[in-house]
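Think of it as A, B, C and D in the order they're written, each chain with its own count starting at 1.
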């Protein structure tokens, strides 16, 4: 380390560094070992050790002054770019969170992927992802941040397309990467704006409490930072770029469509990457660059977050694919977090990030266990059906009790009922949304209401999912009587991670008071120092109203799906279709972006061939024509002249030779000619 | 128009016409004879130029000498030689003769131009002679005067020419002898 | 013996050796060439290691700061009233060229390895190859314009034959197109060269000179000469210096290539045999960028700065146009050719910014693209030699058949599309950052150019990923059926030995960009300083 | 009165005709005749001018000399022609192209 740090901090740094490096070592080992079952253990042990280190770092660093250690990386022009780690509450929290989620998923994966041909490849990718993700949360400058940001996307690409012979998977990972690339471009532009304004990439220097960003102002359409002043539009652009990055990674409107498709990857991957960690990176980024956003930009964030949350929830209620429901649920919850950032509920947003990571990961693991059993049924009976379709499931609660219980806990946490972690984090966001809207007018009044509706929608789809999967009768048997059913809970590698995560979904992990989010330790650590705990009616009314109505909604779902009461809504109306087809975003993007770009590219290629090359060929033809002309000139004029000269000389020669014939008469003639010529000359002159 | 002028035109015409015939004819013998006609016509012109002695000499030497000489050659050489000598390309106007014709015509034009532009009768020395009355008149007899001048003023050329004649005679005789040893 | 001179002329020596060897030994030609390339790599690495950094070794406009200099009088002619004709053998390197030398040497080795597939007329092939080799190093180190031009032209000829004799079905069309394009550029370059010669006088000897470094010093220009900055001469109504710059720029832009002077490139690449494609993309395109930095910006900094907006615009157009065109391709090689156009657009954009970041990024991009495009073309060659087809739609699911091959393809593709950790990322990011910063620091380029350039990164992801999806993933399905399946064996040790160093270099430079930046930084700073004085 | 110019013109005509004959004929004897014609043209001029030299009679006397010389020339020429014919069996001067037989 370049700077001299106190011993304590130095060891913390080394621990953090070790935590980052271990997965990449596992990756390297797996990469070169190629085949073998050892890969799973190598990766798992690595992540286990990393978890230990991360825990130590967390313990030492939580609520401690930040550590920022750098070494010079390279110098370009006058700018020295450093590589280093920045450990503050945010990064150590994420560092621990990622590990705590990744470790169960690793264990779970060893069982889940045990029969797959690409077992070692899977763990190679997984270790690489862990490395990228862990590095992303600790790096201290924007260049490295961008690098790992994109590497996270890349490992996600690899993992989504893990079964690369499946067309859907490959198209999904392409889509995911390109969507993420849009965000990357946004991030890159934002980085460039920041660099051109502040001439540094250092996150700490830029975004710390009294950093460069905090000290620059937006006035009169100018963005002023000490000596450097540029039009404010660049600040907007930077924020827009950052927002694009967030939207891409955290699947916010308008870049959310990749996440449902990403469910083509192995379910354990979805649990780790597309539910808990990578998608949280967007929120993490918002947390890192929070000081940059001005009030209006935060409002925009709130609107988009809220809209995304509502849209995704509305889609989730009609989906039949188990994983897709969860994917839309993830989008919806991420929308909550973004909205929370937008309304200034910074602490709640990050708190929700943490709690969501646990219960959503758990839900995915549950889904994985269920799908695993469904695949088992499919392979055993040699049927052809979609093992992820919830319409085929039902009544699994008796066969898979552990799975069922953990699923219920996670589901309740997702709905946000009391005694779960979700209650603490989500209700906090809702309360603050109402408080925030008090200070606003117009369209912003809708936001908390929309959030409420979204919460109820959440309750509905969660209930629908749980009831469809675990209650009632096993519907596949109704279609195919005489089905062999060997359905049971998974092995310990399934159960232990699920139970662990289920425990993490309960309130004691976060707050000893199950009703007051203000008492959660994570929440408290992220509060600005000037935070005043304001007790107003919202704090009691909203949770009560919300939860009572949620319970009603759940009962309604129970009535519809378990007791087989008629749904008051018909399934074939346009609203249902609108929801079922995910608001037609995919089709719209295909029509509005993909096809035009392809058409443009085809057109440009035609232009290249016909236009530019045509021009070249036209010139070519002209040149050829000129060449032919000049060849003709050459032959008939230049050569002609030459031939003429030659002939002339020859004639003169012959003529002169004719004087030397030895013929006397010619001599005489010549003499006479000469004389006559001379005389004539004499006369004329 | 005086008789002299008529005679001059006649003589000139005969001389030129026969000369043209010489030029045009392919027959050697005929052209030789036409050549003598030319010589006679010229002799007439000499007379008109008041040089009767020269005219007589012309006839005697040319007609009596050269004519005889040429005919002699023919006759001495025999028939074969004559035929060979008479052998001529048949065509009258060969294209190859055109340059010669043109150049001759050009020369003629040049000479005409020259003579017409220089009035020969107005030359200084001729005017001087007329003035000094140094002009031969038709009534004068110049033979005697020629003889005196030949033996006095022009003695040296006369002698030189006689030696030349002798050499020519000897040379001709040498050349004409039958192949002996050569 | 000067290392640089040795580096330049070793290929010539090897070429002579091959020339005198009988054809019965043709099997050994490739080993001789390979040995030459390896020696060159060793030499260039030696040069790289001994290359001194620091402000006193920046080079660029200071003749005495160049390193590994060898300057010998070459042609001296007393021209009477005009003075002496002074042409030197003058080679030397500074930060701008040193990394390109190492890159070229490595790419040469890969090209030689790729030459294993050449089966006909080996003697001619390797002799031409070695001449090309020599010319490339000559161009990168020549500091006398005449010498530079000589090497520059010397490159053209072997390439023409290499494409025209060992190329694909439309090779003649392609080679003539290539030849005419580049000749078009270099003929005009000749005119400007002569103009410069007549304008510049060596302050020591008082003769006119071809010395490039002296051409950079405004004080060396004859008052009243064509290219003198003070005399404000015009050619066809345009300032003479601007005309000179534009003409030189066009010559190099053709090489880069810059849209709309690029159409020779896809044809030449598609028809050229693999090793020649590698050389074309890996080394020769860099000569364009190098020339723009060294010659255009060095000799005509005023005009370069004035027209930087247009340079940047052309760069952005190249980036986007090349990327969009790549998206429309069915032929894998053509796709990669267009991607080269797109990637080299970053070079132009970076240079046009005239910031340290931009120019460093541009040089980095040249080095990086040297490795990556070589790798890409080599990879295309692998499939092509096996089944003689490159149509993307004729292949499917190659990942199952050729896993190692696919691994390298994925590495090459992702490295090319700018995945962090690989060199292209650093290069493109800093080219763009430089372009962006330009608006703030020197006001040459508007920010939207950099923003649009960033879109190229997105499109790059588009065409590469689409290709991966279509060609490599999914269930195997080949146009040629079983026979293709048998021919499509995974890569062998020879191919690996070519690919691994390239992939390794791309990774190394991505992780440790200081390997390049440390060496070039002083020169770049000096160049930026030098040009800054011309910015109004 | 016959003027001097008339004689000169006739002489010129005669000279030209003689010249033409000398130039074009392929027969040595005819060429000889052509030469004689030219000589005679010259003599005519001498005679014509000789009219204005009553005392010295230069014109007439040189005309006489010329006549005599012409005769001598003819004699020698004829002798040569005969000799040539004997050697070459032709008297075309164009075909006689060897200096030594």
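The criterion applied here is as follows: contacts are C-beta pairs under 8 Å (C-beta built on N, C-alpha and C of every residue); 3 or more make two chains touch, one makes a residue touch a chain.
By chain, with names taken from UniProt: A = NADH-quinone oxidoreductase subunit L; B = NADH-quinone oxidoreductase subunit J; C = NADH-quinone oxidoreductase subunit M.
Bear in mind that the values here come from a model prediction, so they are computed numbers and not experimental data.
Hopping across touching chains, the smallest step count from chain B to chain C is 2. Of all chains displayed, C has the C-alpha centre closest to the centre of the whole protein C-alpha set. Centre-to-centre separation of chain A and chain D, using mean CA positions: 124 Å. Centre to centre, using the average C-alpha position, chain A and chain B are separated by 128 Å.
Centroid to centroid, with C-alpha atoms defining each point, chain C and chain D lie 93 Å apart.
Averaging C-alpha coordinates per chain places the centre of chain A 34 Å away from that of chain C. Shared contact sites, meaning residues of chain B that touch two or more other chains, fall at 100, 103-104, 107. Among the residues of chain A, those touching two or more other chains are numbered 665, 669, 672.
In chain C, there is no position where the chain touches two or more neighbouring chains simultaneously. Chain pairs that touch one another: A-B, A-C, A-D, B-D. On chain A, the positions that touch chain C within their shared complex are 73-79, 143, 146-148, 150-151, 154, 161, 164-167, 170-171, 174, 177-178, 181-182, 184-185, 188-189, 191-193, 195-197, 228, 230, 234, 237, 597-598, 600-602, 604-605, 608, 612-613, 616, 620.
Per the touch definition, chain B reaches chain A in the complex via residues 99-100, 103-104, 106-107, 110, 113-114. Interface of chain D with chain A (complex): residues 19, 22-24, 31, 93-94, 97. Note for the complex: chain D touches chain B at residues 1-10, 12-21, 23-24, 26-27, 29-30, 33-34, 36-37, 40, 43-44, 47-48, 50-57, 59-61, 63-65, 67-76, 78-83, 85-86, 89-91. On the side of chain A, the complex with chain B involves touching residues 665, 669, 672-673, 675-676, 679-680, 683.
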